[in-house]
Amino acid sequence: MPRTGLCRHTHDQIFYRDKSLVDDLMGTAPFSAVMFRQILNRDPSIGEQKMIDAILVTLMEHGMTPSAISARLIYMSAPESLQAGVAAGLLGVGSTFIGTMEGCGQLLARIVDHGDQAREMQRIIHEHKLARKALPGFGHHLHKPDDPRATRLLNLAQEHDTASRHVHALRRLSLEVDRSHGKHITINATGAIAAILADIGVPVAAMRGFAVVARAAGLVAHLVEEGRNPTGRFIWDLVDHSIPFEADTPVA
Amino acid sequence: MPRTGLCRHTHDQIFYRDKSLVDDLMGTAPFSAVMFRQILNRDPSIGEQKMIDAILVTLMEHGMTPSAISARLIYMSAPESLQAGVAAGLLGVGSTFIGTMEGCGQLLARIVDHGDQAREMQRIIHEHKLARKALPGFGHHLHKPDDPRATRLLNLAQEHDTASRHVHALRRLSLEVDRSHGKHITINATGAIAAILADIGVPVAAMRGFAVVARAAGLVAHLVEEGRNPTGRFIWDLVDHSIPFEADTPVA
Amino acid sequence: MPRTGLCRHTHDQIFYRDKSLVDDLMGTAPFSAVMFRQILNRDPSIGEQKMIDAILVTLMEHGMTPSAISARLIYMSAPESLQAGVAAGLLGVGSTFIGTMEGCGQLLARIVDHGDQAREMQRIIHEHKLARKALPGFGHHLHKPDDPRATRLLNLAQEHDTASRHVHALRRLSLEVDRSHGKHITINATGAIAAILADIGVPVAAMRGFAVVARAAGLVAHLVEEGRNPTGRFIWDLVDHSIPFEADTPVA
Amino acid sequence: MPRTGLCRHTHDQIFYRDKSLVDDLMGTAPFSAVMFRQILNRDPSIGEQKMIDAILVTLMEHGMTPSAISARLIYMSAPESLQAGVAAGLLGVGSTFIGTMEGCGQLLARIVDHGDQAREMQRIIHEHKLARKALPGFGHHLHKPDDPRATRLLNLAQEHDTASRHVHALRRLSLEVDRSHGKHITINATGAIAAILADIGVPVAAMRGFAVVARAAGLVAHLVEEGRNPTGRFIWDLVDHSIPFEADTPVA
């Protein structure tokens, strides 16, 4: 039967799961802790709370990304709807960049669930080589030789004692990847985040949600800046003048 | 000239404004504090930090709202895109429900900027009566006689010493509203939030951004629940069977 | 009571309003005619059909617009969701560019509903001068001295005999605008479309819908092209390198 | 090098590919023909034009679908943004319902590209049985024993002489499916559309675009109706009251 455990309300009370919003959460619980509770239906430990904050902060911003550019252009076109600019930008939290988090999460699940982890790692590396596909969670076009966010996140997870089977699997997989490629390939931020969230118990299908919330905050900052220092018209002209018209052949 | 002050990155560093993401923010700063910094370009005080968390927590969730229903239906239709479900839901953070925050923010700005505040309040109440429009920030269809979230938020703002001219204006406006209507009309959550954010220095045009981020978190929780206990098909059938077909007259 | 007159279906039939989809519409009715029927609940005349096609064709495409750039960037980020790219782009059909259609529609309604049309035109021109706001439906940053689409559309409306009170009001308003500015200001495409749709009987609040559908088709073409000749990565790099980082002052 | 073949414009001309918008298209070309040209970069034949119209008309409307419900709820929440309601609804044109068009398109491509078509059909049926997955393009929860839209579309394709290898493959696959299941399973509308579009030369990755445009038109009609006969508040209350709160177990 359809039901929800997230919220109920009466004339003078609102409950978020089993807590009173007004009496138990407002004024005491940080936003990220309540978000954690609503998604996972339990309180985070102190270490988990630290890691969720670190992950959300990491995913908030990366400059003039496709998401940020789109959000700014849409906000220029519909300044009455800040939410539309954010929504347009969030639609870019798709498979190309952020989906790698889930791809990596699935690989790590395969490894930790397998009796012979070393062999499963070999199989994973072999499969991706054969298909000439990048291994999700590894490599970065900009941050080389190491993605500083991944290094920091993995150290924090150790320090706050949330690192467990998935983080260990990721570290071992990284050694195998380097050996197999004959050079160092960085663990990227989405790879580290996938491992840390998996150790905390976040289902693979929910991981992208943390990127969505973090990026929403980053995009709001972009749109507030856009309102003060507009870039939209400049971007439009720049792109329009830089992509020439050229007659094409029929598609079909 | 177009420019951005939000983020810059090199091969081994990422800066959020003037701070190093890796060295200064990850592991130390809570998500809501970094969000505040990115939007307002300064650190929150301890009291402001508390208020931002309380406001974000308040705006996160209100059960099966139009936003949540839409997010769930879109997620059922495109489960490969959790971000699309969230984006669809966020598009509901529009003028009808959340836009009242800005409406109230504008009224409070009119009051505090005016030499004769008492007279400006009278004028505002009169204008809305004349136009038969609800006063933004006042009244709630469910939470009567008082919206418990507003009461709590205003008390917290007093306690954390962020309440200033706009909160005071709201409280005085509330007394005038009650007198003028001959009965008590609640200050609602969006009214209290508008006043508190205005006292913190959030521009009216940026206020909606806090609702967008908070609601994004709430919607992620809805979609994770939807993945475990689907309601989408039930909602579809329920609505389809409850709205009968009836031939209509031409529009034009 | 809630009801719908748009569609009903049984095991072996689907009705679009009062017509059988399979027996009455498929294979005989053009897409734009069925769209017209569904929106306005009557059949278009032959002239109206011509005008709706001309208007939809006009609104389909204008090159690398903010909508098209956003759609392409989101499609690059989430190629599994062509619909997300289109949706992101459509969110740009907002007040800045397309909303002028409604603005112009409202002015024309004021004029035709007024006893002394000449005086109402003067009042409208005066109001906009005073507020230093552009008159919706007039002027174009690129197409000068005349927007060729507007000229053609107004001629077509004459030819197909759909031009009536609103088109005449627009033509007379245009003469007044030129006189008042002491130079020729073009009627732009959205101005002409507003007048023509109003004469057909399309409510002002529904006008934007024609832009949405037309632009959806244009954006699909952009995304199919993007799949064959990607521009997304180029746009991203171009924008990222062209907007420098510069530390900013606090917002508040 | 990045380039576009879709549109270029000067001060007094706009070109859609190689045609002048004003001189060649407005007033002569139907919307669906121009859409076809922009997407496929060639003119449709008379038969292809008929089929594109029939397909777009078929995909426009199916009553109170998840897309339509979402569009209406978002429009209620943000009536200033008709485009946001449409965008929210379009996000539902995802894998669950419409994605089957591409799934079927891929199967038909496998069949027609294979030397031994009969054997490839057996393999496809076997694979889906093994994986307990529905065969895309077959079956409908409502329209039984036959989806009347599919029957009509396939007859029209025959009549207009666009039916070729993919339609024939679909008909033969249908016979195999019936034999293998020991009962008749309908070819559904998305299956028929996939075959017809493939015969016309539409790439599988572009097929969804036709659903997006058609549905955009349907959603505009829903929102115009919603503006006249609101259902949003009714839907909200109905759903809120029909899904009870029940405490849940932790996710992790």
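Miscellaneous remarks
Every chain is named by a letter (A, B, C and D) in the order it is written, and numbering of its residues begins at 1.
Just so it is clear, a contact is a pair of C-beta atoms (placed from the backbone, for glycine too) under 8 Å apart; a residue touches a chain by one contact, two chains touch by 3 or more.
As the structure is a computational prediction, the values presented were derived from the model and not from experiment.
Common neighbours of subunit C and subunit D (chains touching each): A, B.
Chain centres computed from CA atoms place A at the largest separation from subunit C.
Note on chain placement: the centre of subunit A and the centre of subunit B lie 24 Å apart, centres being C-alpha means.
The distance from the centre of subunit A to the centre of subunit C, with each centre set as the mean of the Cα atoms, comes to 36 Å. Spacing of subunit B relative to subunit C, judged by their CA centroids, is 31 angstrom. Of all residues in subunit C, those touching 2 or more other chains are 2-5, 7-8, 39, 63-64, 78, 80-81, 83-84, 87-88, 91-95, 203, 206, 224-225, 229, 231, 234-235, 242-243, 248, 251, listed in ascending order.
Interface residues of subunit B, counted against subunit D in their complex, comprise 63-67, 69-70, 73-74, 76-81, 84-85, 87-88, 91-97, 224-225, 228-229, 231-232, 234-236, 238-240, 242-243, 248, 251.
Contacts from subunit C toward subunit D in the complex involve residues 2-9, 11-14, 16, 21-22, 25-27, 29-32, 34-35, 38-39, 50, 52-54, 56-58, 60-64, 80-84, 86-88, 90-95, 98, 142-144, 146, 148-149, 151-153, 156, 159, 203, 205-206, 208-210, 212-214, 216-218, 220-225, 227, 229-231, 234-235. Residues 2-5, 7-8, 15, 17-18, 39-42, 78, 80-81, 83-84, 87, 91, 200-203, 206, 242-252 of subunit A touch subunit D in their complex.
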